[in-house]
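Can you read through this structure? Questions will come right after.
We just call them A, B and C in the order they show up, numbering each chain from 1.
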Amino acid sequence: MELEKKIEAILFFKGEPVSIKKLEEILKVPNEEIVEAIHLLNNNLTNRGIALLQNDNHITLGTSPELTNLIEDLQKEELNRDLSKASLETLSIILYKNGASRAEIDYIRGVNSSFTLRALSVRGLVEKTIDEKDNRRYVYKPSFDTLSFMGIKSVEELPDYEEVSNSVNAAAKSFEEEIKKQE
Amino acid sequence: MENNLFQIKTVGFEGPFGLLLGLVEKRKLFINDVSLSAVTEDYLSYMNKLGDLRPAEVSSFILVASTLLLIKSKSLLPNLDLTNKEEGDIRNLEDRLRLYEIFSKQSLLVKSNFGKRIIFAPLERKVQAWGHTTLVFLPDDQITKDSMMTFARNALGAMPKKLYLQEVEVRQVISIEEMIDKLTDRIKNSLKMNFTHFSGKGVTREEKIVVIVGFLAMLELVRQGIVDATQEIDSGDIFIERQEIIEIVDELPAMTNASNI
Amino acid sequence: MELEKKIEAILFFKGEPVSIKKLEEILKVPNEEIVEAIHLLNNNLTNRGIALLQNDNHITLGTSPELTNLIEDLQKEELNRDLSKASLETLSIILYKNGASRAEIDYIRGVNSSFTLRALSVRGLVEKTIDEKDNRRYVYKPSFDTLSFMGIKSVEELPDYEEVSNSVNAAAKSFEEEIKKQE
């Protein structure tokens, strides 16, 4: 049976995000094959009731964003869609930079963001993880819940993602030194 | 008037960039030294009404104010020589403000999309392989009465109770006070020494002097604000109880980042 | 969106058998159309990682029968793994609070606990039930098996129960107050 079907079954069984690394272990195939199979699976799932979400080397299955109202009626829990201006700004930085340290967020917003970050963490909208590039610092990354609430399958589907992310990264380079000083 | 007061508060919490960007946009200007110079008075007068903010928050407003003062001084006194560092600060503020503008714009897009189309994760379930449905109980030796107590205590202990104000910010506030003093002196001296530079078109010398004197008065107000802020920092504990923060959040309708995200 | 996609999303979301009658109610279409759509869905799912299971007027999604061994191995591995620190911490809060909502647990822990709660549920350590005080939300309660595993008959027998439980309740209460402020 093809690899993409195995991956689909694993994701369905787990019902939560699975890392690509974990899939390599379970299926005992090299990274490139997994990546290729994920690509095929994503194509298979286009225009279906189930969608494939990708975020930070993890993938998971969810219901198609077109069916929001149908599924929302099925669940009893109330959804909180309110975000303060501070939260929206902070979340936008984390989304469009696809992960940002607290120092970077503070620097861009010009104010201390620690309470906003805690509030976003508690709501599961951002995740604090150790920076892969520098394990002495943390980065806040967008969570799958955030992608879900935005109705997108990956950050690349954010409005104006490429354009914004390019200009932001270009600008951020010149600030790197200064942000480092603040850490 | 009431509407105006409300705006001060709202803009207030959004931080110095929110305030500054709002002022620039209100005049339909682009971000550059000319527009920043044009809104400096507005910025300072808003800032002086933010007296009840925490020292840490005031300090972030003051940091920006100090750069605005440089820009303004330069526009009033073109022969004022800025150091490389001062010129760097000005460019840096412009760049940061442009960056903030990008995210401020995107955050409106995020707001309008958030929760409109939702991808739902499956409900909690006990999915089994084909045909299997078993009810399981799989404990772990780590679960004991005592370990559970320890874990509960640790979880409670890890909840944030204190906010540490970075010493860096305190130091910056103090140096800004010094800077404003220096700047005041510099402007006063320039005023005495360089009357020849006040021959702008359409603006009389007297008018220019009125502007500068008013500006100096404003500087004095800002300096006083910094003195208040730093005294509070010097005499007070630099740890703030979390409860206090929440109360402050409660008092200011716009400051709802902790409770109303 | 076509009916079979809606049915696929419903089955995926629910993760349990759903009656055809229930589908008629949810989707407000007559029986024949549902039956027809199920037929189409079944065709779509041929040769895929997920399969449609039918039994006695109920349908559900499961992993494809060819992948039984893979999924069973995965399940064994998942169930035999040691509980994470996050799981133990979450369990301790549920015990001392004697039933806690996900939001309360998230607030106390400062992070989203949904996957942790899922892991505890799967192992039968906690049970998710509708809150008797507020039927729009769920609470997680310790299972009887968990209590007897620790050799106690009720949560009150936990060490320092009153003191720790009071602190947990106070923390949860400050959460409630923050929530009220939003409303």
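Everything that follows uses one rule, which is that a contact is a pair of C-beta atoms (placed from the backbone, for glycine too) under 8 Å apart; a residue touches a chain by one contact, two chains touch by 3 or more.
All values reported here derive from a predicted model rather than from experimental measurement.
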| message | Using only Cα atoms to place each chain's centre, name the chain farthest from chain B. | response | C
| Which chain would you call central, comparing Cα centres to the global Cα centre? | A
| request: Determine the centre-to-centre distance between chain B and chain C, using the mean Cα coordinates as centres, and give it in whole Å. | output: 42
| field | chain A-chain C separation of Cα centroids, rounded to whole Å | value | 22
| message | On a C-alpha centroid basis, what's the spacing between chain A and chain B, in Å? | response | 27
| message | For chain C, give me the residues that contact two or more of the other chains. | response | 12-15, 63-64, 67, 71, 75, 110, 114, 118, 182
| said: Using the touch definition from the top, which residues of chain B touch two or more other chains? | reply: 120-125, 127, 129, 160, 256, 258-260
| message | Under the stated contact criterion, what part of chain C meets chain B in this complex? | response | 12-16, 51, 53, 62-65, 67-68, 71-72, 75, 79-80, 82-83, 88-89, 91-93, 95-96, 108-110, 114, 117-118, 121-125, 128, 143, 145-146, 149-152, 157-160, 164, 167-168, 171, 178, 181-182
| remark: The chain C residues in contact with chain A across the complex are 1, 4-10, 12-15, 26-27, 44, 47-50, 61, 63-64, 66-67, 70-71, 74-75, 106-107, 110-112, 114-115, 118, 130, 135-138, 182
| note | Counting only contacts in the complex, chain B reaches chain A at residues 13-18, 56-57, 60, 64, 92, 95-96, 98-100, 102-104, 106-111, 113-125, 127, 129, 160, 163, 168, 245, 254, 256-261
| field | Residues of chain B touching chain C in the complex | value | 120-132, 135-140, 142-156, 158-160, 246, 250, 256, 258-260
